[in-house]
Each structure stands twice: as C-alpha cells, then as structure tokens.
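To start, I am sharing the structure in question, which I have written as structure tokens.
Chain IDs A, B, C and D follow the sequence of writing; residue 1 opens each chain.
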C-alpha cells in the first residue's frame, strides 16, 4: 500500500518503455508527476473551500452548504462554474495589463511549491537538494503580486490592503526563515526528503523542546504568510472592504482564492514535513500520513478563522518583531545546545533555555499587554 | 502576547462544533422547503376578508373605518348600491395593495364587524409589483372555517359573540 | 425641579436685562440674550444644567420656535423646557453648540427640516436632506412635489 | 528620522469615503475620512440616506397610526420604541396604566435590552474581524426571544404591541414559561460568550484605549446610554426618572472608568446580567388583572376619537441605545401638531470624529461599532 502510486507509475513507464524511445519515457515520467500535481493542486483547493465552509459552519451551529450534491460535495463545482460565468469587471482607471497579470502570476509560486513537498516515500516530484530554500524563496514572491494587484486596481481600499500586505510579509518572513534554521542545523541538509528521513521512528522534531517552539513559530508565521485570520489584514473585510482583491471578480478572483488555499495546503504540508515527521508514522501508508497531518494543520487554520478577531497593523508588527523574532533566535541557540550535549542532558538544557526565553520575552512585552479590568456599580 | 484567553476562546468554538452534532439546541437550522416551522397562532401577515356562508355576502359592510385608520392608506373600498342607486351594506370592490401594507394589524383591531383578519399565508411572491400585488375582493375573501383553522381561540370567541348577537332580534335597520 | 418661578427670580436677579416669561411650564427667553442665559444655566452652581437632552424645531402659524430640554446630571434635576422664538421668514436663533456640544447635530437637523438659522453654529449644513434640496420639508406650508 | 527632516518628505493625505456601501457601517452611513497613511486626520459623518421623514408622516396620522411606524425607528428594539411613544402620549393625555400592563411592559423592555446588547456585541466582533461566529451565537439566542415576541404580538421584529394605557393583548399561553426558561438559560449563554470574548487577548488589545471618550465631553455632547455609563457617568434614566414601575425592582447600574471600546463592550454585558435580574423579579411579582385601561381600550378601538388635550409633553425612557425621547405638541385634534423623536444613536454620533482622530482606520470602524447606531433611528 505504501508504494502504491510509485509502483503504478513504474508499471506505466515499463509499459511505455517497450515501444517508445528512451527520451520519451523520461518525458512521460515527468509528465505523470506534473499532471499529478496539476490535478491534485486545484482539487485540494476546491475541496478545502468546501471543508472550510462546512467546518466553520458547524462551529457556528449551522449546516455548511448541503444543497448541491449529497453533503454539498458538488458545491466546489458550482462555485467553479459561477466563477467562470461571472462577468470579469476591470475598473476604468485600472492598469489593464497589471490587473490581468497579478492573479495569473500569483498562482505560479503556489503551484511550484508542490514540487518540493515529499508526499510519500520516494514520492516527491523533484528531490531538490535545496528544497526548503526553494520553498521559502517562492512563498515570499506572493507579496509582489499582491501589491501589483492592489496597485493596478486603482482603488483606495486595495491600495491600503497592498501596503499592509507588504509590511506584513516583510516582518513575518524573517521569523519564518529563522524558525526553520534549527531543523536545518540538526539535519544538515536542505532537502525535504533528508529532513523526513532524519525524523524516522518517532523522533519527530516536534517532540524536542526547541522543536515544539519552532513548530509553533513556523506554523504562526506560515498562517501570516498565507494572509489567514488572525493575520488577514491585506484583505481585512470589515475595514477595507476586501483589501487587495476588491476590484477582482469572476475567474480572476477565483485565481486569488485558489492561490490562497493552495498556499495554505503547501504551508501545512511543509510544516508537517519539517516538524511532524512528513510521511513517518506507524501502520498507515506514508502518503496517507502526510495528508492527515497537513489536513489537521489546515483544520487548525480554519479553527483560527472561526474564532479569532483580526490584529491591528501596529500590533501585527509588534508581535512579529518584539516576540516572534527574538523567540526564533533563542530557539536556534536552544537547538545548538541540544546538538552539543549527549542524549538525556541536552533535552533538559534546551528545555531550560526555551522556558527561560519564553519567560524573559513574556515579561519584556508585559507593559504593552492589555490588562484585565474590574468594573464597579453606581452607588445610589 | 498570545495568552490563555485566546486558547479559552478556541475551546468554546470547538465545544460548539461537537455540540452541534449532539444537542438540538446547538443546531437550530430548519431546512425551509422540506421542514417548516409551524406558524404561531397570533402570527399576522397580510389581511383577508371573512365570509360566513357564501363569498357574495362577506361580513364587511363597507363602513370604510379600516380604510381611514390604515396608516399607509393601502385599503380602498367602493360601496355597492342596488338597482335604483340606494347604497347597500356591502362593498362592490375592496382592494388592498399588498405591496404597501405593512401587516401592522390595525385594520383588524378597529373593524367593528370582525370582517377583516390577519392571515398566516406568507408565500405570496408575484411577478408584477403593481397589478399582481393589488389584491381585489375575490382574492381577499376566505371562508370562516379557514379563520377557525388558523386562529382557533379568536374564531371561537368571535363566533360566540356573533351567535349571541343573532339570538336577540337584529335592530330594524334596513338591509 | 425646585420651582420654575424661583429659577425665574434667580435668573432676573443675576442678569437684570433678561426678560423671561413663564408659559405652561416652559421658560420663554427672547432670542438675543438666549446665549447668556444658556451660559448662566450651565455654569450656575445652584442648577448646573450640563446635559442638553433635545433640541426641537416647531413651526407655528405666526412664528418658528426652538424648544430645548435641559437636565442636570449631578443634581438629577428634571427637564427644564426653554423656548426661543423667531419669525418664520428670516428665522435667526443664536446657536448653543459652544455651550453644549449635543446641540450640534440637532440644530443642523432643525435648520435642515425647518429652516431655523442658528448663528454661530460651527458647521451649519443640511444633515438629513441632500445639499441641493431647496425646501424645508417639516414646514406646514411645504408641498412635496410628486416626482 | 527626527521630526524636522520628516517634514521635508512631502506626504499627501488620502481622502477615503468609508461610504454608504461598506461592509461594517451598520446600515447606510458614510464617513468621509482623510487619512495620513493609516491614521485618521479628519472624519466627517454623512447621513440621511435612510431619511423617510417619519415626523412629517406622523403629523398627518392619528396618534395610534404612528405606533407601527415607531417599530421602524430602531428596528432592533421595536418594543422599547413603542414603550417610549406610549409613555409620552399617556403623559400628554393623562391616561392610567393598570398594574399588569406595567409588568408586561417591563418584561418586554428588558427582553429587548437583551436582544439589542447581544446583537451589538456580535456585530462589534464582526467589525473586529471575527468571521461571523459571535454574531451567529448571538442570533441563536436572539431567535428564542423573538419567538416569544411573535407568540405574543404577532410579529418578530415589528411588534406594534403597545397601546396608550396598556398593551394590545394579554400574554399568550406558555409565554411566562418561555420567559422563565430565558431567565434560566441566558446567564449560561453569557458565560460562554464571555469565555469566548472577554479575556481574548486580541480583542483586549484591539479594544482597550481605542475611541476614548472623556466624562466631560460625554455629558456636554448629550451622550446617553451604555456609552455614557462606560465613561464613568452613573446616569441611568430608569433610576433617575423612575418612570413606569422601575422603582420596585432592585438592579445595579454598571459603570466603566476609561470610556473606551472595551468598557462599552463590558458595561453592556453587565447590563444584560442586570436585565435578567429585573426579568426574574418581574416574572415573580406579575399580578392578574386587566392589560389595558378602559379609556385606552376605547382609544385603541376607535383611534379617531382619541383626542389628547391641547399642550406639549417630552417623555423619555432608557432605551437599550440610550435616551429615547418623544416631544409631542397636541392642538386637541386626533392628529399631533408636532411629533419629534429624540434618537439616541443620532446624538451619540456627534463626537464620532473626536473619538477617531489619531487612531487607525481599523479603530474608526470599531469605534463606530461600539457607538451602536441603527440607521432607521439616526435618519428617521
């Protein structure tokens, strides 16, 4: 079961091999991987939208969509048709080329990152030796296209949204990179496959003290990278109408929507690869383990969406620079200590360092934390 | 800054998530066309005219009080008159413009002859706003047992009152 | 309310030039010394009417009238109704927005719907109707054009 | 960059109209904001989009004819609008109200206060960015109360239930049990709501010290209701005027200190708990007896014959949004000569600009949410 898809592809290649030349077989193998991702990407996106609407619906004590198809399963198709047939309005003063380019260009990094995700044992599209670097570099390009979209649609609200997204991405990029550094130090290689192999047999990185903090950091900054609640300022619906994609409708809006959901899937897949041991796991096949872990993380993102209000711009920045960044640096130090000492002592030492770091940062940020208040009643 | 308050809040939402599968109070959606909520007895939607035996002689005597008292002025009545032009105690035409009526129930209150009541019918979508929603007398008239079906307590009280009135001889006013 | 008459005496004793008339429970003040009376009512330690609850414009056949309802929060004194009258054509009443900030929107509404010009109001514009509307709809002689 | 050479940068302010079509202006309301980056420099509220000239209509109708129109003033609390209008006309005409009717009115008014405050907090969280979850919890609880209103008055929101001298009709069977179950279950819901919101750090950070309103400015600007009490002024018209039979109930008046958005939010939660106390006492002590005085019943049966004596009256009550007053001038005819409504949310907007200047655009939306305006009442 574990190597199901690998054997499938292998048999196809053998079958194609006996009547096609060598180079054609290689081409077909690449094509199979590419079509697998090109199909898997949008399908996950469609069914993530449905999962989100059903999950948040149930949180709010109501059914999610259940009219189209048995439990609303055909709802994504209906949304797709709606998006295709909706009129695609371009504002008069907009810069037509940039307005058209932004949604198209934002989907490219979202799809490219799938190449690096190790879905199962030797089921990774391209085993890059710089996998994580590739992922981090691509995920920071989305900022450019969000700003291009905001600038091109010549609308004050989207301009505000675009500027917010630039500020947010810049200040969350650094803690994100720094929170992955401990794993790279321990594993010694950027390749995602190597990272997962290093976590074989239950010593997932999340079970180490520095790994826990690194996991929380990487996940939070990942949520900020994807502009989801509580960091969804670029498209703050209640403040700036719909942020950078105010002036988009029809298929262009669907592309933004697709990019957001594919990014949130890849972020959770990479987080589970780096910290939760990728396809490592007892009994079930590898690729199933990765799907379970990343869907669990996506459900946490949706759980955030159903509960938390939004940050304000300055609080968002303050949280990144004054809390996440120093914590990430201290976490690297803790990982270093963990590496330097022998087995039982290093867990203790790095745990102490991490606890100390949290303690210091908590009290350092104490002044601008909101205080609880006591209310009194009027005396007649 | 992320303290326990946020986690407590998330605990509440996840509890609601699981509660929605078990307790009825946590999943209050009614699937409208398939399941329907039963209308409460005093629910009032648009008015309708009541007739006892035949639609030709409704209880309404065209006294025009409800038309005068209606705040948005959406009732227009024309009194009927027999062959040689003597006015009769019967409306020739009784129009209520459902697109203006705000179902406030004042016509039901002020009607001295218990002729007009508020209905429970709410699926009244039409294509034309002006001609289709202007209800004429024929569409307004409904039998008394429809009134008994939707509002039993008021119906019994009014029927008793009317029955008592018919026992003692009706005042000799021309009819 | 202690009593209106006593307030009237207090008023006349403090400000000799003021002529005020008591009319079915309201204090009628002439419009040119209404601003001083307002300042007195707010600042006097005896009454300290610091809460202007409502300003209403009323259109009578022979005059336009602005009715003020004043309360005192510290002394929990009940409504003092003050009426200020002006003629219907060129209705001018000194605005009390500098004394009580709550009059700002309500005076703008009285101007918008009844056409009472409040001199000294920081920003006297129409508040409910659109700028180009040339009539004052709440006047008795206003006939709505059936557009 | 010290202050001086900052000024060499020629910055331009952005004129944004948070216009009538905006997701969180609680109706058709517009704020012309001049922004310097994200902070607000100038903010001019523009209203009148929903102006129906309710006061001109009332001059052409009998006194009872305007009662259904008062439902449409503040369309969330129709019962308290009726209450204020009925009180004013009873004062004008000198009508007596029987005991049972007084208790019915108190129960309806306090139930409406619960509906209004719950809904407001839900929509305030919507402005903060929580994706509809608090609003839907609020709607779930509000439905129970609206079902009670429908079973008594015939309509959920447009109740038209009060008459001069009492109420239109007595309780329907099973109404008191419904109120008792509300009294029993509502505190549990409020605890759940507080657990979700009150200690939520993001909400505290977003709401504390935002839109601060000083005590003196609140009094001079004629602010009334929870906004006034949140600024520390112990002024509740139910206690000050003691209208109807509020003196028989013991309940406390919560006050805040700072007068910011968080105080307004928390004062409303405490007020709801006090309303439940009043409901409990009212349901226990409600006597049997007539629900309308004979004179009032005759007036309701034939509104044309109801002619209050010549004169004028100003009646006010503590509506959930603040002091709702009616100024009526009667010339002895069945139609009022002048009918003026003193709307709390219209006057509470006077100092919206003072509270928003210097804050961010997100705070302006939250401050507007905490002022609790309903456009039906603002524009009349």
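Just so we're on the same page, contacts are C-beta pairs under 8 Å (C-beta built on N, C-alpha and C of every residue); 3 or more make two chains touch, one makes a residue touch a chain.
On a predicted model such as this, the values are computed, not experimentally measured, just so you know.
Contact tally for A-D versus A-B: the pair with more C-beta pairs in contact is A-D. Greatest centre-to-centre distance from chain D is found for A, with centres as Cα means. For the pair chain B and chain C, the distance between C-alpha centroids works out to 45 Å. Mean C-alpha positions place chain A and chain B at a centre distance of 55 Å. For the pair chain A and chain C, the distance between mean C-alpha positions equals 62 Å.
For chain D, residues touching at least two other chains, in rising order: 133, 137, 140, 196, 199-202, 204-205.
Counting partners per residue, chain A has 59-62, 306-308, 315, 369 as the residues that reach two or more other chains.
Looking at chain C, no residue sits in touch with two or more other chains.
Residues of chain C touching chain D in their complex: 24, 26, 50-54, 56, 58-59, 67, 69, 73, 76, 78-79, 81, 100-106, 109, 113, 126-130, 137-138. Put simply, chain D touches chain B in their complex at residues 61-62, 64-69, 133, 137, 140, 143, 147, 150-155, 158, 160, 168-169, 172, 192, 195-202, 204-205, 300-304.
On the side of chain D, the complex with chain C involves touching residues 47-48, 51, 53, 55-56, 217, 219-224, 233, 235, 240-241, 311-312, 314, 316, 323, 325, 327, 329, 338, 340, 342, 346-347, 349-351, 379-380.
Of all the residues in chain B, the ones that touch chain D in their complex are 1-6, 8-9, 11-13, 16, 28, 40-44, 65, 68-69, 71, 102-106, 109-110, 112, 118.
Contacts from chain D toward chain A in the complex involve residues 14, 16, 22-24, 38, 125-133, 136-137, 140, 196, 199-206, 208, 229, 234, 236, 239, 252-257, 262-263, 266-267, 270, 360-363, 365.
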